[in-house]
């Protein structure tokens, strides 16, 4: 039997949505208030979904303590209470849109899951009104 | 890389779930309190999901400002603070169940999206306990 | 020892904010979209707070089953799935603003509580962004 | 036209995640605080999704009153305000992980839906951070 | 300048609302499903409010890291993933109603706050519909 | 009859909690991750409460459209999508803790309310777990 198990964690980061080769004025035209020169910030929510067989002995797809550890060690500790443009190595040179954060998160977390309980989806909520899902495709 | 981007907006409307060719008594039997003659109402939430390639230059599937504009100009301005049975041209003659509102919303919004960032799903939450998803199928 | 115990319930109603002696145009000027002629609606939340001594034997201020019964029999059954302008006797001739709904609710519920566990506050949430509290003063 | 309709209900239960053939110490090692000998508890949320054709006459996939009745009669009344290890016949001998609760819920509810409006998904939220989805596969 | 600062944490516990000198039948009559013999459980939320002067140097009433430590060391670690009737020394012989949990929490936390930033209120949410506030009076 | 009416709005800002006369190391010791040199950010919620007589003619304490306008023109437009340390004139030289943001917000909004419907409370939620209330005392 196949089940999907999900875990939500939050992180509080600042960012500026902007392209380095554009002027402030051009960025403002393209990205609006999101490209404010000194940045702004969000309480992001990361929702990760794992798909796998329910282990008939334990009744788990995967132990969520293990999932939390993977999330923390490979993503959350690098982004929580950080500036996504300046402080995060794996986002260097990447415009930190919600789409790009979700893709970067997938790339950081995916190698740590096995075939038997594989990463199915990454959702990043920028606010409770805006969110992006990436499924590794 | 393909991502799904979603936006939530709310609207506050009144409606009556009823069939015009039935008596009040027959409607009450079929639809219960939802067919109260003078109507009732909800704070609906519309959650729209767009599927598309992440633009490698901007890092966007689509600019949410554009999505919000499409939602407002083609759906929200017609239903927010309105009576869904009496005030909305594109719902005329349609029983305003959550299912039918979701389908009507799809039909109003879908023409405004392109192949590169196409409408994937419409979710309408009637309350935080009842909701419907329609994917254009 | 004095504690405050609260219970939340929801109701789904339609209403029109308008004064009977004004024209539709004047009402629209005064109340905006809230005075739409055919009404609109909300999922209201009623949050009621009771203040009283904690009974040293039972550990209760009051049994919430009793509170729920009072809420249902004296208020919720009259307003849920109703039109607040047309269907509710105790709102007849009253402009159904959130303020007036809260006051009417207080007046309906207050006689059913005793001195030992008295009604302290009525909160009505019209949406998750707008709410009113009335404390009987 | 095919739509997905969902309903959320909650239930408050206690449980202990543990395997009967292991010692308390071994269970604590495998399941951590979730295997506390005297149990702990949650406000679970059950979110059920039905997939089906929208009936062109009524505008319903299925009447949610019917869905609520199926949920209550076949699952909720057995688990709400109960101990999942000791009080629930259909969980006897089953480790009450969220995965296993979701599967058991599917098995109890699925026979009561027809092909025209079939059970599509069971989601069980153990907390607002942990949840499992099962689709009968 | 005086401000109120609040912190929310959750804990997942089982309990049984019952009086030891009553039979199961009498408890069921008095407390209903809440006295189910084998218990049930909740995701409780503890919301604590501290009142004090804003320190003109730091801009803090109190450092929330300190508040979290007080909450964890003196209350949360004793109740989270525990059975409130059997596992918690400071609730021994106390009927674990929400009122009594709030009072016990106040008594455990209050000695750890100083006059300059004193405990103002303890709120315990049993569910998102039921909650109790205690202010030490 | 006196009622309290509240309105919630959100704003997304970056900030750094730090004292200008301290070194980065000293700030990190005093404020922890909140003093990360390049900042971090939040989706703040501003909840404002007005206390006043319910106008017997309109049924309003105050028109929420007016409240929203005051909130936007005097506070939200200066902080939303901004860096609270660098972009906001009325926070210049002020350590942007939640307490200080609440006080600054009170000072900006209070002059725009009248005695008949006066500002009663400013709540700022930094996250859904941390919030501060200021009542002008």
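The first chain written gets the first letter, and so on, giving A, B, C, D, E and F; residue counts start at 1 in each chain.
Here is the rule we use: contacts are C-beta pairs under 8 Å (C-beta built on N, C-alpha and C of every residue); 3 or more make two chains touch, one makes a residue touch a chain.
All figures in this text were calculated on a predicted structure; none of them were measured in a lab.
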Starting at chain D, find the fewest moves between touching chains needed to arrive at chain F. 2
Which neighbours do chain C and chain F have in common? E
Furthest chain, CA centroid comparison against chain D: F
Same or different contact residues where chain B meets its copy chain A, judged by the half mark: different
Using CA atom averages as chain centres, what separation in Å is found between chain C and chain E? 28
Within chain B, the set of residues that touch 2 or more other chains is 128
Every touching chain pair, please? A-B, A-D, A-F, B-C, B-D, C-E, C-F, D-E, E-F
Under the stated contact criterion, what part of chain A meets chain D in this complex? 1-9, 54, 57-61, 64-65
If you look only at chain D, which of its residues touch chain A in the complex? 17, 19, 30-32, 94-100, 102-103, 128-135, 137
Show which residues of chain A lie in contact with chain F when the two form their complex. 10, 12-15, 33-34, 36, 38-43, 80-83, 85-87, 127-128
